[in-house]
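Below are two complexes that have chain A in common, paired first with chain B and then with chain C.
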Partner chain A sequence: MRRVGPGATASLFAGAVFAGCVLAAGAALAQGKPPDPMAVGRQLLAEDNPGELWVQRGENLYREKRGPREASLEACDFGLGPGTLEGAFTHLPRYFADTGKVEDLESRLLKCMVELQGFDRAAIIQTRFSNLDRASDMEALATYVASRSNGMKMDVRLDHPREREMYKAGEYLFFRRTGPTDFACITCHGDEGKRIRLQDLPNMTDRRQMQAVIAGWPAYRGTHSTVRTMQHRLYDCNWQMRLPDLGFASDVSIALTTYLNYQGNGAVIRVPGVRR
Partner chain B sequence: MKIRATLKGDVADIRVLIAHPMETGQRKDAKGEIVPQHFIQSIVVTHNGSTVYSGQWSQAVSRNPVFAVRVRGAKAGDKVSVTWVDNKGDKRTDEAVVSAS
Partner chain C sequence: MGIRMTAWVVLGMPLIAAPGCMSFPDAPATRSLGEKMVAESYPGMPDSLTRRAVQDKAQSICSKVGKEKLTQEEAAEVVRLSRESMKYPAAGKLAGDWQAGARLAYAGQGGRVVGGKVETAKENGALCSNCHALDPGEVNVGNIGPSLIGYGAARGSSEEVARLTYERIYNAWAYAPCSNMPRLGANGHLTPEQITQVVAYLIDPQSPVNRK
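Presenting the complex of A and B:
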């Protein structure tokens, strides 16, 4: 009779192990790969995201009077009127009557830094991406402005004919195979369970996966020790496909961003995200 | 620095984000020249003025480090300060107030 107690415990334990195996096997079948061992680290980083430092720096840069014209960016219009940042990012890219173009967050920042503050366009483009020896104002500013829409849903509207034009162009670019490797975006981002090395690739034909992507850019990239913006993500994808360099704030990059952000509509913005 | 200090029971969870290059002295720049060591050497956390953590860091700590320490016997409104000194003698202190979670 004394053995009943421990025996019962042991069988419960065995039951738990068995249930665990079934769960693990189910997950492996569904995803075609073992559970993500990086998830724990990502969760830790999400709670203490170093990207917050870029939000802080971006806010200082936004308010400070800078450049040859000694002006702040507080008069910059991101689509909801000069100085209104709350929610502005959720509608980008959008058509701007003052430039007659569809613009994304970074191209709009570029325009304001040139026109309001008098910075040299070429110089900003040259320092658009930081490296270990030099910070980028663009990365910090984009992170700050986007973070002002945190908690709101991505809501690209495509009301203007030019916006629909850019969307169609972006869709075309997303699916069109090109370059020496004959890759399209869809080659890597159209199926479940694909990865590059250990990096899971989101299936961008699935709205929920697309929303998870869109919710978290700009993102702190651990391997780069800095925040990167969507312009950098697209530049890097483009490079990985061995295509000619993607011009910063170029029509091609904005067309792709229009397509992707629209596909990610409904995503709850949480910037800065965390990526590998 | 960005400091968050939140109370869980009587324990203050102090989480610190530090902006620092933390150069190891192993990396070469674009010109191929070695980037000199530049890292946080000492870091002190105080709670209402008394030291609760003091550490000697090295170049093995990552760039833009995240750092956390828990302090028992804390109350909402307590003052927390974090000070680091790096090997070039640069120094920074930031303060925060413990908030009820």
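Presenting the complex of A and C:
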């Protein structure tokens, strides 16, 4: 049976915090302050980040011998050699000679879970995102591996021609308008001080705001009561744009992540972040 | 020393070549790679949905990368395509029931996809409050678009104002080519009848939008 313990505990906690933050929002508005009703809740969460539970669970999953091949993930190469996690996330996405592809954190985990542990690729993709009934190993593992770069700076390099192509494709896609809403990423993330309803939107053409974003994914999302990864963030934006389900570890997702992480270079990683 | 020097020269090469690399790949190569990625990144989805990720001509023109500006010719082409797309309600009347419009203006549901299926909603919401202030009493509104508080009070509710408002909702790009505003009618998100209701919510003197 899969464990759902951390999710359930965190869910209760987050519920209490967010109820409190709705009240705080009312007070802020009454005083005529700029409406950022989630700021209080975010700060409370950041001080006692429930996402830490996912780091621990991810480490257990990483070390445990699992899957049909009864292997751990300790031989997985995230770019700095098998088993080297410290700093690996700061250079992702990057080109991997063994697959001949540019891969991000989650696509690399997917590859290792299939090839080292013998898990079924489709089954992992099926459970890539947790829900209230079921935890996701992928979310915990990504959080753990990324957290091993905490305190280090994001440093995506684009030395390899395939990385350069991925970056340029990501930039193209960031500005590409499509779907029934005519949205591109830039539609909501290209200006200062913008909101969808009361939700603040980072201006992703500003390096410092981009760094603030990149520093904190994977993130504990209060409204989801779980940790989400960048793959989920992009899937979720696609959903809101009325596009079809964005494929997990798809090239569109990796290209956008390459573009965004490169724009966020220099960000000091603090994973898991805390988001609405 | 000799070996170290050689290593430096070899390792240094990519760095020296880097500025030349900045233009690699060029725009046409990037576009075709990006479009290929889009075609392959929605696996297992029915054609009716993957079609949503294919750009129409106006969207393609409106997807300038970085700070690149729309040319006058391109803007004129987007306006022409948008004028061509314009359709009106069968009943002819462009301002409908403002109370129905009030419900639509704050509704954000409809058209989203989960697990390859479009969500089941009685009707699509008009999405207005995601980006616009409307009723001054409602604070849960976005600011990507301009505030529409007092829209009708400032413009009146004549036939002309109703037509302009209708067209700007049906296809905003006929007036502001490539603006952030979705082409809600032309894209099929709203029906012409729904748009007449939103028009009424914006211009009717009784609507909270125009309350003194």
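In this text, the second predicted complex is superposed on the first by the 241 of 276 C-alpha atoms of A that agree within 3 Å, B and C clash if a C-alpha of one lies under 4 Å from a C-alpha of the other, contacts with A are read in each partner's own complex, and residues count from 1 in each chain.
By our rule, a residue touches a chain if its C-beta (ideal position, glycine included) is under 8 Å from a C-beta of that chain, and two chains touch if they have at least 3 such contacts.
Owing to the predicted nature of the structure, the values given are computational and were not obtained by experimental measurement.
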item	value
Side-by-side fit of chain B and chain C on chain A, or clash	fit
Touched partner set for A:225, first chain B, second chain C, both or neither	first
Chain B versus chain C as contact partner of A:193, first or second or both or neither	second
Superposed model, chain A: greater residue contact from chain B or chain C	C
Partner chain in contact with A:113 - chain B first, chain C second, else both or neither	neither
Touched partner set for A:179, first chain B, second chain C, both or neither	second
Touching partner for A:133 - first (chain B), second (chain C), both, neither	first
Touched partner set for A:53, first chain B, second chain C, both or neither	first
Chain B versus chain C as contact partner of A:171, first or second or both or neither	second
Closest approach of chain C to chain B (Cα atoms, Å)	13
Touching both chain C and chain B, counted on chain A across the two superposed complexes	none
Chain B-touching residues of chain A, taken from the complex the two chains share	45, 47-50, 52-53, 56-57, 131-133, 225
Residue ranges of chain C in contact with chain A within the complex	14, 21, 24-25, 29-31, 33-34, 37-38, 40-45, 49-50, 52-55, 59, 62-66, 111-116, 127, 129-131, 139-144, 180-183, 187-189
Touching residues on chain A, where the partner in the complex is chain C	29, 35, 159, 161, 164-165, 168-169, 171-173, 175-184, 187-188, 191, 193-199, 201, 239-240, 242-247, 250-253, 255
Parts of chain B lying in touch with chain A, wherever the complex brings them together	2, 15, 17, 19, 21, 27, 29-30, 35, 62-64, 66, 68
